[in-house]
Amino acid sequence: MLSVFKDLIRYNREFTIGLLLVSLIVIFACLSFFSPYPAQDIYVVIPDQPPSWQYWFGTNSRGQDLFWQLSFAFRNTLTFGIIVAVLSRLISITIGLASGYLGGWVDRILMFFNDIFVAIPIFPILILFYFVLRSDLNTYTLAVIMACLGWAFDARLIRSVALGLRFREFTRQAIFAGMSPRKIMMEEHLPYVMPIVFSTAMANMIWSIGFEVTLAVLGFTNINIPTVGTALYWANNHSAMVVGVWWWIIIPVVLLVMMFLGLFLLAVSINEYIDPRSRLRRMGS
Amino acid sequence: MDTVLDVKGLKAYYLMKYFGISREVRAVDDITMSIRRNEIYGIAGESSSGKTSLIKVLAAAMRPPLEVVDGSVRYHFNGEEIDPTTASKEDLKRIRWKHLSYIMQGSMSVLNPVRRIERTFADFAKEPLGLSGPAFRERVEQHLSSLKLPPSVLRSYPHELSGGMRQRVTIGLATVCHPEFIIADEPTTALDVVVQKEVLSMIREIQQKMGSSVVFVTHDMSVHANMADRIGIIYAGRLVEEGPTRQMFFAPKHPYTAHLVASLPRIGDTTQRPALEGKPPNLADPPPGCRFHPRCPLAIDKCRTDVPPLETVDTDHRTACWRWQDVRPLDGAPTGKMEAQL
Amino acid sequence: QEAAEAPPINEFPREETLIINNPEQPATNPGMFNMWVAGNGAAWSNGLHQLSLDTLWFIDPDAGLDGALYNQLAAEPWEYNDDFTEMTVNLRDGIYWSDGEEFTADDVVFTVQTQIDTPGMVWSAPFSEYVESVEAVDEHTVHFTLSKANSRFHSLFSVRWNAAWIMPEHVFSEVDDVLAYDFNPPVSLGPYVLNSYDPNGYWYIWEKREDWDRTAIAEWGEPAPQYVIYRSIPSTDNRLIEMANHDLDMIHDLTPEGMFSLVEQCDTCRGWFEGFPYAHPDPTLPMVIFNTQDERFDDRRVRWALALMLDARQISMASYRGAATLSAIAMPPTGTHPQDYHAPLQEWLTNYELDLGNGETITPYDPDVGLQVAEMVRPQFGESVPTDETAIRNAFGYGWWQQDIEAANTLLEQAGFTKQGNTWMTPDGEPFEFTLSTFTEGVINRMGTMVAQQWSQQGIQVTPEADPQIFAQTLPLGQFEVATAWSIETWGGNPDLSFFLDSWHSDYVAEPGERQPQRNWQRWENEELDQIIEDMRVTEFTDTEANIELGNRFIQLMVEEMPVIPVMSFNVFSAYDTLYWEGFPTAEENPYANIVTNWANSKYILTQLEPTGETAN
Amino acid sequence: MTDLLEIRNVWKRFPMGGLLSRAHIDAVQDASFSLTADKPEIFTIIGESGSGKTTLARMILGLEQPSEGEILFKGQSVSRNMNREKRLEFMSQVQPVFQNPFEAFNPLKRIDRYLASTARQFLKTSDRAKIDAAMDDALQKVGLSLKEIAGRYPHELSGGQLQRCAIARALIPNPPLLIADEPVSMVDASLRMAIVNLLRSLRDDFGVSVIYITHDLATAYYISDRLIIMQKGRIVEMGDARVVLSDPEHPYSRLLKASVLSSEDAGQGKLATNPDMVAEANRLATMPSSRLQERPDGRLVRTYEGA
Amino acid sequence: MRAYLLFALKRLLQLTAVVFAGVSAAFFISRLSPISPVESIIGRVSGNSSFSPQAIESLRSTLNELFGLNIPLHEQYFNFLGRLIVGDLGPSLIAFPTPAMQLVMLALPWTVGLLTVSIIITWLLGNILGGLAGYYQNSRLLKAFGVLAIGVQPIPYYIVAFLMVIIFGFLWPVLPISGGFSMNVRPGWTPQFILSILHHSILPATSLVLVGMGTWFLGMRSLVSNIVTEDYVTYAEIAGVKEERIVGSYVIRNALVPQLTALAMALGGIFSGTIITEQVFSYPGLGTLLIRAVNGGDSTLVLAVSSVAVIAVASAIFVIDMIHPLLDPRVKVE
């Protein structure tokens, strides 16, 4: 594993750049553990200071040092995105593989639910959840809800791959080797859907963070928890852009873009690594 | 003699780079051969021996990572000489389908699944034929009927046709412009015997009618026996023997050929047939010397170190074996004398 | 056919048009103008109640054109009988509805009677409760017989920002189902009629009546703009941009930062104050409200301790960037109140002694906090910050409680709280922690966050919770521990406290979990308070001196008990552009009206405006 | 004589078109035959593509439910709806060998994984040593050894080795019956004989019966004991392999044999088929009423009413 | 043809089922809302003057009765289903007694209009550019576009929309930043009105296109780069088929099929985008209505908006499903 990693770093530029970007953001997010200021305190520094040596990312109109504030925000947002991505991957893999492999009425029932989840407008539901849960709607709760709403699309993709695998000879071989359906799905078919899982995980993160930002900007999340979304909410609340405190908006956006670019590059290069086709070619035959 | 194609010392490798480690698969390794006008040349060999790779070079259908590293390929069409490995895009376009056409391996997937057959025909042949509208359509229908296909297939989508029909459509596509040179890669694999025979006889008919040359590939020796005028045997990227069909079958001069022609049982004959032992060589790391030596019953020390040259042993018959004189037909090999029983 | 003909393009010449920001969300039910029905989605602040409807009196939160009390449809002030069980109103004559019908006493009677008869209308409940009967004595005299003594009954017809509007009897009496009627287009009793409106509710255009002089406003002059457009622009940034582009003449509210940047970017734009702090103080009093039904806050020592832990300067900076008008007393420092209450009470406050319970006393009041804040913002805003002491006191407030952690700790200990490490424990031995409900945005949210933070720093774990339903549910239903909002609102232009105080009577305090009627959100009960309220009920509204006396009693009681911690007035960053129009009210020269655009009083501004002569090209 | 496998008047009907449409295709029509337990044999099914060979095999493997008729294995009815326990029991008796050796194993997984799983499930043991022994035993039967195979990925083996591994896997539970659906059609000439010879030795040396499905008449003649020839879902001829192939009687059987290309004719370009034979075979395929008739030499031949 | 009708029928059944499940879910979730419309109206109404507790109590019971909130939940549910079939969900609670559907219908054309246009533009543009980028993998311009697409994609939509307002409304004020049409034209089928609508929709639509395109672009690009390795493409190239033809009819055409399915599935998420659009550009539409309904605890209106959204999305998916067999002859209409 480690050698693979080394190889990837040495020979795959995309991987290296991606890793660099993502590590930067992750390290940045982890710095929040060493923040000299509590996350929610306001008016701890002079407000509205542009980026400088003293305040690398400037300060916002709430008197917070943006460097530390954003490191909290990225920690929470990253955690949120990862939880959503992981949970919804678990659901979509389970549903997709089961639906594709088991077929028949299982498939029909699962896809019926899938269709519902696809057609349901998510936004009203999220807002309703906010009104029901209010400040209990923290990062984790929201992540779980988003995960429950965000699997349908990818489950269908996974299903279509699994559907093809179902009729492959090695699947039948596995059946007659006495493997249980669970084992076949998880050990035989899963590797084939991993590339999809990776690339959709990435898309899912963008999607969920986008939603978080949307909700936060409208004030429909717990705005006391620093996230990228609430950072933008507060910036908006203080008319940051028209007032000229551009760094309050531009810096988180740049960091966000860096993070996704990094994730994207990682996904692409890892994909190539785990894609059965290219893996076979690499192993030589 | 009237040669249409000259291949000299052709080397075509798959050059691959994975995370900095470069590997080459020597799929075509130093092949020299020539094809004459109005003949059917069969290429045989086990799978992964480089047949398709060679064909791709000949058909100017190379895609990275396949690259020609050495040698030349020359076509002679109407006194014009053209090397498909170096020719410009325009030159290639000029000869394509009019002079040179190609039936790709896997006829199941070479037709655009969302396009009606007639549109595909128009895409492929309208320009080279220089016909338009009804004239073109008539020409296509006529051609299809010679392939025993009703005109209604033109309105169909590929998935609506059976495997045999699709194969015939592909052959129709490749031959509708009456090219001088047809390259066919396993045109009958995956067809049942009845259909296979039909398709083969059709290709032959067209070839004879147009006087074109055909190079075709299959590993089914009985197809070669009935189709080809000459046969080339490829083993691990090398041409190991080449000669007129009868000689190849009845008097092979390479142990691998001898094995190939003898390996298949025949109805009415229950002699125990031995299988070729060992594993086909890895083209990324082929054995030194004669590449067949690890599996060869006749192998001597020399075979392990020295590459045997392709020597002419008879008219039109060349072989690359240090011990060709010792090669004898194996037990159960066809003799040409034994009438197919009953 | 007619439909094929393109309708004329309506041009609204810029120099004849006043464009006003309607702070409400775009109307939910844009074609609905029947404002008398509760919850039918009719928009109010889109010009309907400012320009088209009218009622008997207006009481301005500021100085007013000729005093704060306007006799609008009434020809003169109300007349009560001696025991306040009857009220007689004389109406103006020569007032006409926009459809030519004359306004008479029948309209007033119809308005009251219909609402009594039709539950589900906005004023049904109070009319049913207070009115025994109503009759038209003659064309221009209405006589109310009240079901019980009520010296403030007239306030139902007195607009501070809104009041019971008079219905056109000749229209509504024809209507079968008053509740379903949309009153579109509205028949107007004010100087403007509806010209057109956005079917999506984003804008409404009003056009001056040709017979504007047959409306009550004529008394104060001719409204200058031919057209008035109300635009709803939910995004504050867009408001700012539109004004900077001169597509908006009056903005209801901006963020403090938005205001600072607007005056920088637009030469012709300004706020209520020419310079810092720009904002207009509304006659409401943002404060910290304790739910006194929570036993931890049912102890004045705890409430005082929490008050002493606060640093008002920081709160002012955090919420308003310093542009707050602080007030230590339970009285918004707005309108005429500083002259009536704040200035006179300075001395009493300065000498006020707080008994800490352990034998020590302190004098907690710092009379110069306002001056200190002014010094704090001077480096950033320089010349725009006033230098004159009275000006500063008017803009930044008089004084506030000195932060005194030691005294606060003493008080808490006296109340049985203990400090373990850096955490305060309640007498029950639980950690002293609670949630502070606050607004979702704006200055009140910032104030709440800051207050919570200051308490947290002293070892009380306080979590601010942004609550979108704070006024609709949280406060009325008592679903909070501590909140930042307000339970005090006044007329502003009059020292009378009836606007909020009557509802603080202990008779109205609801059981925990029940809905508390408007305003006594702290659910505080106090005998002395009840006495003040009962005294007020038999004091004539116009008896200024008696009312100020009552006010002083109230304020002193509040200081003593601290059931809420008053912080400052609700300053609204209203802005206006003087490129096309001039004559707007200002803090210094001519504070004749509240600049806030959604209040019905804003119509008086139209009579004072004059075109500058600038035209759009 | 006990029956190992008995196929009784089995039909398989697939619906075509929509839910409400009545169109269907009879992939297998009225097939009956049986294999005895006492004498292992190679039983060959031959026929054109689409004639129902695979469908028949799938029904025998219990992957498809016959529309009509019954399939009995050792007297027990084979059903698609067996519970897992029954199915495992059944699978330990009947094992398949698939067509494409390169596809038979997941390219991302080691091969021994399948062998080990088979051993664990069907020999009901989790003792590593026993499993290894069983694996090695089976591999030895096909001329390989565990040492050669252990830890290797499919791409590291040749097609012949792969196909032998697949057969070895099928042999682990010591099933009396193997079903091999075109096990050699995807491998080239030099490998083909290795597999075919292996099937033969399984019968001769280990007493395994094999149902061998193929297009290839030559290998059928070479190894099989009995065969059936199928055309469009119907069995048209059945009997001793050598007898039938030496002298096919049904027109379709004859067409098949005539279409076999022979290397004896090398260079003569014999590619023509007698069109009348094709026409006759196609005509019979569509005839509605017909039945199998026994001939004196023991074979059954389909005859048609009105033909 | 008959087969196609049967296929349509089956899909229609499925559509009904999805709609039923969707609106039922919306019904029950909307009933979870802790906000009572009655309380918020009382809050608003009594905010204007001092009401006594008795007055409030009488107002409350009146309103509860008026709104029909005093019957059990399951009865409300069956009422709701019955009313949904007739297309009248009853009066909105925050705009009583205006029918909720009337409010929805007022907002619907704007949302549907803006979304349809921008989705179609997004989809076409993204797919065509993505297709070209996948085919001409060495083109500098398209590569740059790819980098841009990847870079723009993660920017929150709110920011994109907001930057457009700042740029085109503030720094360089050339386009209207709020409203659906100008105040000086009257609604109607007149050229002025239509032009005004188009003019006002430029910024909202562009912002939607900008953020949406990246996904399609990237998706299409990777799809195409797989398709170009398909045999039928290679074969057409070898045969010297014209390049435009290959790109159009062989490559992009085949890739569109999965992209169409993806479009159907992406529709469910679009409503969230419009809410931001409406907020930032003060554009009329369903999103604002929904937020207002939720804020006001108007469960009828929430349901009306959600139901219409579910039906709209499900129908759009249905339409796409119906086009699918026409686009891909392999899809069996069974």
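To keep things simple, chains are lettered A, B, C, D and E as they appear, and every chain counts its residues starting from 1.
Rule of thumb we're sticking to: a residue touches a chain if its C-beta (ideal position, glycine included) is under 8 Å from a C-beta of that chain, and two chains touch if they have at least 3 such contacts.
Just so it is clear, the structure is predicted and the values come from calculations on it, not from any experiment.
**Student:** In how few steps can one go from subunit B to subunit C if every step must land on a touching chain?
**Tutor:** The least step count works out to 2.
**Student:** As a test of understanding: of all chains, whose mean C-alpha position lies farthest from that of subunit D?
**Tutor:** C
**Student:** If you tally contacting C-beta pairs, which pair wins, B-D or A-C?
**Tutor:** Looking at contacts between chains, B-D has the larger number.
**Student:** Counting in whole Å, what is the centre-to-centre distance of subunit B and subunit E, each centre being its mean C-alpha position?
**Tutor:** 56
**Student:** Averaged over CA atoms, how far is the centre of subunit A from the centre of subunit E? Could you give it in whole Å?
**Tutor:** Between these chains, centre-to-centre, one finds 23 Å.
**Student:** Where the centres are mean C-alpha positions, what is the separation of subunit C from subunit D, in Å?
**Tutor:** It comes to 90 Å between the two C-alpha centres.
**Student:** Could you work out how far the Cα centre of subunit A sits from that of subunit D, in whole Å?
**Tutor:** Centre-to-centre distance between subunit A and subunit D: 50 Å.
**Student:** Which positions in subunit B are in touch with at least two other chains?
**Tutor:** None at all.
**Student:** Name the residues of subunit A that each touch 2 or more other chains.
**Tutor:** In subunit A, the residues touching two or more other chains are 236, 241-242, 284.
**Student:** Two or more other chains touching the same residue: where does that happen in subunit C?
**Tutor:** Those would be 237, 241, 468.
**Student:** Contact residues on subunit A for subunit C in the complex?
**Tutor:** 40-43, 47-48, 61-63, 134-135, 219, 222-224, 236-245
**Student:** Contact residues on subunit E for subunit A in the complex?
**Tutor:** It is residues 14, 17-19, 21-22, 25-26, 29-30, 32-35, 150-151, 153-159, 162-163, 166, 170, 215, 264-269, 271-272, 275-276, 279, 287, 290-291, 294, 302, 305-306, 309-310, 313-314, 317 of subunit E that touch subunit A.
**Student:** Considering the complex alone, what residue numbers of subunit B touch subunit E?
**Tutor:** Residue list for subunit B touching subunit E: 59-61, 63, 92-93, 96-97, 101-102, 104, 106, 109-115, 119, 123-124, 127-128, 157, 159-160, 173.
**Student:** Quick one: which bits of subunit C touch subunit A in the complex? Just the residue numbers, please.
**Tutor:** It comes out as residues 236-237, 240-241, 254-255, 257-258, 260-261, 314, 317-318, 321, 435, 440-442, 445-446, 449-450, 453, 463-468.
**Student:** State the interface residues of subunit A toward subunit E in the complex, per the touch definition above.
**Tutor:** 112, 115-125, 127-129, 131-132, 152-153, 156, 203, 206-207, 209-211, 213-214, 217-218, 228-229, 232, 236, 241-242, 249, 253, 256-257, 259-261, 264
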